[in-house]
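Presented below are the structures under discussion, each in the form of structure tokens.
Here chain A shows up in two complexes: once beside chain B, once beside chain C.
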Partner chain A sequence: MSIHTNRFTPLWVQGLAALGVLLIAGWALQHYGDIDLERIRHIFFNMEVMEGQWGLLMSGLWITTELAVVSIILSTILGLLVAIFRIKENKIINVLLVGYLEFCRATPILVALIVVYFGLPFLNIRFSAFESGVIVIVFVHAAYIGEAFRSGIMAIHRTQTEASYALGMTPRQTLQYILVPQAFRMVLPSLANQWIGVIKDTAVTSLLAITELLKAAQIIATWKANPTPLVMSTFLYLLILIPLTILTMKLERNQKLTR
Partner chain B sequence: MQQTDPSEPILRIIELEKFFGSLHVLKSLSTTIYKGEVVSVIGPSGGGKSTFIRCLNRIEEPTSGQIYFGDREITDRHINMSEIRRDMGMVFQNFGLFPHLTAQENVMLAPVKVRKVSRREAQEDGERLLKRVGLEDKAESYPDQLSGGQQQRVAIARALAMKPKVLFFDEPTSALDPEMVREVLDVMVGLVEDGMTMIVVSHEMSFIKEASSRVLVLVDGEIIEDGPVSEVMSGPKHERTKEFLGKLL
Partner chain C sequence: MLKINQPMRVTLSTMTLGAGLISVVLAFVLPTDGMSALNLIYNPFVCILLMIGTAVFALDRHIPAWTQSLLVVVGVAYLMAYFVIFSGADWSLFYDQFLNHEKMKGHYHILIPPLILVAKISIYSCIFSTLIGLFLAVLRSGGNIFLNYFITGYVIFFRAIPAIVLVVLVYFALPFVGIGLVSTTSVIVSLSVMFGAYTTEVFRSGIESVHRTQVEASKSLGLSSWQTMRWIILPQALRVVIPPLTGVLIDVLKTTSIAYVVGVPELIARARQLEGALGTVTPLIIVSCLYLLIVLPMALLSSHLEKRSRRWSARKAV
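Entry: the complex of A and B
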């Protein structure tokens, strides 16, 4: 499958690029900001500020992880269902689903979140902050994941379906045992990318009454009047995202070799 | 070789028609296939052979006409084709093995999921069938680890695992390298000797002459010749048959 090959850049090139960006940023700060390194350390990497605050940050990390895991599982399941309904090619369902997809494409996730959390209570529909976050993230990402699955299923050669039918398997069995398992393998790299997107999008829930990672960092930063906790939170996001990114790259490379 | 049984028609095809848009691919085909017969369908490419055989299990939807499988009309709109297809095996030109399953799993899947036989029984049956096609040592291999000829033999074992009453072969050796054709044909000849009822779209003269009992010549969507192999080969009635056989030999 050549769709994914462009996205693959060797790890060392990516590392060099990241280092380059850091160097340029450092140089720019030195040059224009008249800022010495000690000040930078004091503002952004001030470990005294973090003293006694790691607990709150870690509980934030835990809530972010919970949000991410629940959202990833649900959006993947919903996405698969969307894809299955899409390929059934029922005109009415398809129009509805395309509408849903376009809606998700056009709506900023932050707006959707505000509507669900602050808007729906006017209809006496109330969701907790956690629930609102999951609902919005799942709703939006399932659309994209659905498209990924659909393209995977569509890419499977027609002979697979014919061979399955010829053995007496029903359309449902064909989906379950033949098409979905193959599509899953095929779209796993783009799926993993989508999952990374889900994790990053959990940060929008910091707007609500939920102390996930970003919110926890904001609270400490405000309280201590120092942005170090925010910097630490970005490191914690990296901690979750880097293994997933590496996994994605491995999957893509694997796919390039075998397909 | 088992005698064909004229009292037991397996497939009756009556005025079968197929259009692709305005293209008239099959023109009122009628014929009957009896138990134990091995019918080779030959003819120039584009003549409708594949479409014909694919209509028989309705992988391709016939435009009109009737097909009876035993005494059931399978062209009936309300019939459950999945149930009918359990008893019809099909072998495709491009093998159609499931790439995410091993050879053994390919063979076992339909018996377990469709026939609901126990995994244990399916396992034993699968091993026996892979042995029969000479691939007992490839049970754990995935399709992309097998040669074309091996894949096609697994595909035949997979079709046999459902214990079909009739087997359709749609150009089973056309996608194979020449040195692999023989191993597949040998398996097919073995099936003929066991008395399997078979309909085979093929260009393999050796198989047609040695193994088939009857030949259908399909040209421009019409059956222009239908008779025992020796008759059609030695004294074709139709000019187009002579022309076609001349090119083939």
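Entry: the complex of A and C
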């Protein structure tokens, strides 16, 4: 929605104004900020530093992918289970699962990771870094995903079920042909959002002894005393995450339109 | 597919329930040396079978609710017992390592300054990200196409970047071009900028939720576009915005914990130092409980607000 602050200004004038502002800002940054383009290239996009280091960075990317895929699959399965139990509306089950959800909403992933990886060994419970990453991410995100599934299923109006029963469908048929297709459409945006969250949270495991993308970049950056690897790893993250984010935003908007 | 009739269902569910109950009781009654008996009950195969049985029967709608609750409670208890016995943990160390008041005595006050620091970081980040979001959302509703492209680009970029990557980038990369921020400031800056993207989305959806006719009516009353924004749209939008905004602010609060990565002397950093000095994990446990204590009320509040707003919108739809 726009309230048209400048309805009578032609589009090209607006465009020119925006360009002008940008140019002035850029000029000011270069003039007063003491920014030298060649120096920036040398510092942030220094490909000589990256020579021979791409292998480590790519192995980091591979570990991040592994971590993300395993966590996404497991947390989706667990979340679906949580949602199935939630929609039963059994009191005791609900209390348990709401407690679980609120606990997960209130626990920062980093704190949980540190407690699991550095705290539990004091009790002789030892998980490898990868395992503790998967455990924590799955545990926390399954709650969110379960909530997403549940709200998707709950958003389907009661009358849909009643109508399908009235048409003589069995509960299974109702679930298969009426509820799941609609729920899928309702759930998809928030589910995709959670998956993006999982991928982003894999970066936190760089604190543990996993050489995933961020950690690999940090290792190279420290060794070469140059931030280029950090920038490259950011690009890699963005390469994966920006398309997903755009897709999710589109899905969200579509859902809002159809509703 | 196997058809299960009512008597068989009852028999099977009773058997699962009974097996689960018996194994939980046995797990606590039998001495831990009697591993032969325990192995039979707690071998992974039996465990999975029992869990599947419990899940199937807990979901069966022909079974009365109380039996389902009992089944689930037994299932959870079984899993916990399984964990307690087979995690290989030395539970005698639990109080010594996790809840050791003796060693912590006189050291609690060390955790207070970092707590204040965390509170400061989160308050600043919350305020700045809300302001950025409000500003950009209002700017966006101005309808300048080019400006909107920039704002959308900003939102997409900062929604896509992991917080920890951004913080590391700001703290470790920017000093190379002379923008050296103190670690605390770099965390505040990156969190505000990042969550500004989220709050922009939240405020945008709030502004969009105000009906068009409101704008038209205020125009016809002769209000300027700023007056429309200030007196007509924002008051209505803010009401819609509050539940999702609390959600984002909770995320800000939780994400302040990554300040640990750039060496801010905050809760986790101090707790790990204490842990090294005292030889017990108690500080870490205290810190996680602190986070829980602070964030849990907010999380409860946010889900309450969400539920209420959903009820409102449902009532409006009817």
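Here are a few things to note about the model shown:
To be clear about the criterion, the second predicted complex is superposed on the first by the 196 of 259 C-alpha atoms of A that agree within 3 Å, B and C clash if a C-alpha of one lies under 4 Å from a C-alpha of the other, contacts with A are read in each partner's own complex, and residues count from 1 in each chain.
Everything below uses one rule, namely that a residue touches a chain if its C-beta (ideal position, glycine included) is under 8 Å from a C-beta of that chain, and two chains touch if they have at least 3 such contacts.
None of the values given here were measured: they were computed from a predicted structure.
Of the two partner chains, chain B is the only one touched by A:Q173; chain C is not. Shared-chain residue A:Y165: touches chain B; no touch with chain C.
Contacts of A:L123 after superposition: chain C is touched, whereas chain B is not reached. When the shared chain is aligned, chain C comes close enough to touch A:I40, but chain B does not. Residue by residue along chain A, chain B and chain C are tallied for touches, and C comes out ahead. Overlap of the chain B and chain C contact sets on chain A: empty, with no shared residue. Interface of chain B with chain A (complex): residues 57, 59, 81-90, 92, 94, 96-100, 109-110, 113-115, 144, 155, 158-159, 162. The part of chain A that touches chain B in the complex is made up of residues 157, 159-160, 162-170, 173, 177-178, 181-182, 185, 258. Chain A contributes residues 1-7, 11, 14-15, 18-19, 34-35, 39-40, 43-44, 81, 84-85, 88, 90-93, 96, 102-103, 105-112, 114-115, 118-120, 122-126, 171, 196, 199-201, 203-204, 206-207, 214, 218, 221, 226-227, 230-231, 233-234, 237-238, 241-242, 244-246, 249 to its touches with chain C in the complex. Across the complex, chain A is touched by residues 55, 58-59, 61, 65, 68-69, 72-73, 76, 87-91, 93-94, 97-98, 141-147, 150, 156-157, 159-165, 168-169, 172-173, 176-178, 207-208, 210, 212, 215, 225-226, 228-229, 233, 250, 254-255, 257-258, 260-261, 268, 272, 275, 280-281, 284-285, 287-288, 291-292, 295-296, 298-300, 302-303 of chain C.
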